[in-house]
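Labels A, B and C are assigned to the chains in the order they are written; within every chain, residues are numbered from 1.
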Amino acid sequence: MKKVSLKISHNNIIVLATLLLLFILYGSGAALYKGFFSMQVFLNLFIDNAYLIIVATGMAFVIIKGGIDLSVASVVALISMVSAALFQQGANAFVVIFAALLIGTLFGAGQGYLIQRFQLHPWIVTLAGMFLARGISFLISTESIVISNPTFVLLSQHKIYVWEKNFITISVLIALAVVIAAILIGRYSSFGRAVYAIGGSEKSAILMGLPVARTTITVYTLSGLFSAIGGIVFTFYMLSGYSLHLMGMEMDAIASCVIGGILLTGGFGYLIGPTLGVLCTGIIQTIIMFQGTLSSWWTKITIGFLLFLFMAFQRIIVMRKEKSALPASKNKPNFENKVVNL
Amino acid sequence: MASLAGLARNLSKQKIIWPILAIVVLFLFNLIVIPDFFRMEWKDGHLFGNLIDILKNGSPLIIIAIGMTLVIAKEGIDISVGSVLAISGALAVFMLNGYPLWVVVLAGIGAGLLCGLWNGMLVAILGIQPMVATLILLTIGRGIAQLITGGQVLTTSNKAFQFIGKGHLLGLPFPLFLAMGVFLIVYLFKTRTAFGLFLEAAGGNKTASSYAGIRPKVIFMTAYTITGICAGIAGIIISSNIASADANNAGLWIELDAILAVVIGGTSMRGGRFYLGGTIFGALFIQSLTTTIYSLGVEPSSILLVKAVVVIIVCLIQSDLFRQSFKLAKKKVAAS
Amino acid sequence: MSTDYVLHMKGISKSFPGVKALSNVDFGLRKGEIHALMGENGAGKSTLIKTATGVYDWDSGEVRLAGRPIAPKSPLEAQQLGISTVYQEVNLCPNLTVAENIFIGRHPRKRGFIHWDKMYADSERLLERLDLYIDVKQPLSHYSVAIQQMVAIARAVDISNGILILDEPTSSLDANEVKQLFKVMRKLKQEGMGIVFVTHFLDQVYEVTDRITVLRNGTLVGEYVTSALSKTELVSHMIGREWSTEETAGMKAVEQISRDLFLQASTLGKRGSIYPIDLQIGKGEVLGLAGLLGSGRTEIAKLIFGIDKADEGILTIDGEQISSMYPQKAIQKGLGFTPEDRKVAGIVGELTIRENIVLALQARKGLFSFIPLRKQKEIANKYIELLKIKTPSAEQKIENLSGGNQQKVILARWLATQPKLLILDEPTRGIDVGSKMEIRKLILELAASGISILIISAELDEIVQCCNRIIVLRDRIKIGEVSGASMRENVIMEMIAKGAELYGKPGGIGA
């Protein structure tokens, strides 16, 4: 194995800031509230946010490529709705899972095709995709449908004990598997590296002969697939299908990516980042819950504020990089070359 | 025959013809399917009917779409209008306890102005992509609105305030006059000052316009600020119409409607020329579509589906690549 | 003979809508030589290169690689054939590591996974070949442009099959870095590689190349052995003015300049773009800036108009010292600037002729003193008539006009502001001959009416014809000035070719 060394450079400074934030948030929660510093509270962060971790990781690929996917939340809702409806028709749990994955993948591929083939703006296409997915869910039913399929209930409620009485769920395992797979794809596959290259400079990527069109479509397909997996995990969590599930969750996913150090201009970021971002927002939620008197909208405001901070942070780093890229400053000592050993 | 074709070609060059045509087609459909659609009544000193409803409910959309036209003309976008609208509405209803009406109205508009300045600063000064920059306010905005309302749906029984959204003037709904007022002011600003020229020039070619002595940053800031003010006004109308402030649902998804209205009205997402008149008819078309779907008795939520499809079709029609491949396909058919 | 060629392009023609970019051009690259491809802007250098590298396809002609005909459809295909290019702007991904930039698209693998350690080792070995010892695990953006260029060359060499194309690789390098690059080029040449070297720096051509092919206006001027071609001949081939005794001396050269100064710049400069320069423009004087592409001619104009910020020097206009210049201020001071690239920086294509004309005047007046529509039409029609702009009406979109008429509209834009100094950067490039003559005549008329004019042009006859005085630039340095009787094309050509040592002291007025 390679030696892990911690170096601060503009590449990982954001992710280090995120880690620091994570420790501060968790530390202050633990210091302020009794019972906060417990294994189960920590594990619950994963249990409650497993779906978001998966969806945000898929989103990370799209953002690193230099795009965006606003349809993720409605795809999750659509999957929950389709699953519930299929169960009403008496479908088998595995057929349902297969159908869900297929729907998500096709949905993503469709969006990717429109974006790549006709050079449409990803914001517009996926915004339309968001409405389309919600619209289809509404067509299926406007009411919430409870899922009572025994396999799903079993999968949903099965507890895996990790330490004495502390447990995680199958969803957490799925989320971890997805994150690990994403990290491997991002680092060790040609597709993953092409995603980074296109995000860094699409023009260069074309001139270097990378399959830009194919990669773009695949990225949106992957995001669709991850949304579908997230949808299944979320359905485990809620055990119901409802077309209004997770309104605005796409913003949470984007915020998690930004807080997790994925640069919105593309090309930079670690795929573990979104998970860290989700944990940050999860801890904020938990703190607000423990506090008791603060209302839930404080979560939105805090996350929005963090979003702004990290965005401004990113912008400053990008601006400084642009400056240092000028040939004139070539001979000056380069700030970014400084490496601080921790 | 030739002159007729020429006339048609001339008309089709006028961008405003498309939204009007769309409305006409929709109304023809209604004429056949729902004959009741056009019935109007005179009751309690003002008009009632679907057409009046379209004008009344469409007014906030028209106002927001006018602002959106300006930011799209600079090749930007503002997806935070719904949240800004919620803030303005919440603030207005909240302040009704204890402040005179004019202060309340000014506060609501002022909130919109501040939000617009914020967005403008992020886009023009910090250089953040418009979608991302306005995303911040979209996320935070409803939280702020909830903070103002304390998480409840605030209601008001102030009659003067309710007049803004529900009242009638000369037999027509009052919001319609507000919408016309906003249109007139922005239209005059476009045609009687150099703002229209500068915005179109800076949106069309930023480098060339800055070489010609225009400051694109100032122009873009102004566009975002006007959009914020428009959202503020719309927020007051909506909260007054429902006599309450609903931080969660007021103006939900209005940004898509507004974008759609602008695009159908002939303003391109790539910036440059903008058409305020086209936007008005675009907004009216969307509102007519909504009202039609309601009158058809179809599940109102399916309107999302219809709008999504319309967005994609409009974008495809505007895409050069799509038109090219369409032409190629045609040629192939002709060749075979 | 043809077996000698590693790359042989024969009779290549290529047109774009409205333009014939290349007509019947031949180009042959031999094994183990460095071959310069030269020509002014629009000569067809980059089009020729892009046909060989699969970016464009060609209309007619044949490309042979080591005797075998090829027709690459994409850069990827060209790379697979072994033709790779290093462009002026480094076309790599700044966010990826050095090693990955060399190997992306063809990563070494182990059990299906990318083998990072092998990739690092391989790239270190490759860079060693170019005498470059850097940490290949750092992102590319950590390094200077020169090193990035080397990395690009390393990638190209590794992909290549005996052919390397360097498209203006030296334009952003300093002298030492250029030296290092040349060392590498010579080494590769010794290893038997054929190198195409595109540049507009004359000294560099004579320093490293074996052969020179000159293009002009999309046609082949000729192929020459470098050592047998004098610099003056080369310049005249590029510019297209043959040696001739009957010189068109400046039409206004006889008029003596005894006018007041309008604008004065002393040691005005900006690092990386133009070395400090002194320059004066009198009232009603026409001053020319002559020099090849990349000589710093456009950069001076941008400094004066405030588009780029000077980092040293003093600019004085009408006796007033300007501390920091920006376009709004320049316009207030009575300056106007028609940029070189009309499409990108001149016209606003979607707007009408009228709107394009009033734009600068309106910007000077500000947002609220709106020029009424009637007045706008009046102004537009006045200039349409005055400049003989060919259009059915002032309400036509400017993008529907021809290049010459677009240029006249931009001129009208500035004339409407009643300027005191007009800076015209390549005012007649890409314009048909008729309009060219009209615009030149117009420039003379304007000067006669008392407007000062600064002209930048690659066409020497134009500059000699219009100017009272000409500043000659080379490699971002002012190498001299000519006026009066010495203002002849061959004098200027010789100055450019031979450098400063023969003519005038830098900064001196007159000859």
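Convention: a residue touches a chain if its C-beta (ideal position, glycine included) is under 8 Å from a C-beta of that chain, and two chains touch if they have at least 3 such contacts.
Owing to the predicted nature of the structure, the values given are computational and were not obtained by experimental measurement.
Seen from the Cα centre of subunit A, the chain whose own Cα centre is farthest off is C. For this structure, the chains sharing the highest number of C-beta contacts are A-B.
With centres taken as mean Cα positions, subunit B sits 31 Å from subunit A. Annotation: 46 Å between the Cα-based centres of subunit A and subunit C. On the subunit A side of its complex with subunit C, the touching residues are 11, 184, 187-190, 193-194, 196-197, 199-201, 203-210, 267-268, 321, 324-328, 330, 334, 336-337. If you check the complex, the residues on subunit C that touch subunit B are 305, 307, 327-328, 330-331, 337, 339, 344-351, 355, 358-360, 362-371, 413. Residue ranges on subunit B touching subunit A, taken from their complex, read 77, 126-129, 131-132, 135-136, 138-140, 142-144, 146-147, 150-151, 247, 253, 256, 259, 269, 299, 301-309, 311-312, 315-316, 319, 321-322. Those residues of subunit A that touch subunit B in the complex are listed here as 68, 114, 117-121, 123-125, 127-132, 134-136, 138-139, 142, 243, 248, 251, 254-255, 264-265, 295-301, 303-305, 307-308, 311-312, 315, 319. The touching residues of subunit B, when paired with subunit C in their complex, are 192-195, 197-198, 200-201, 204-205, 207-215, 272-273.
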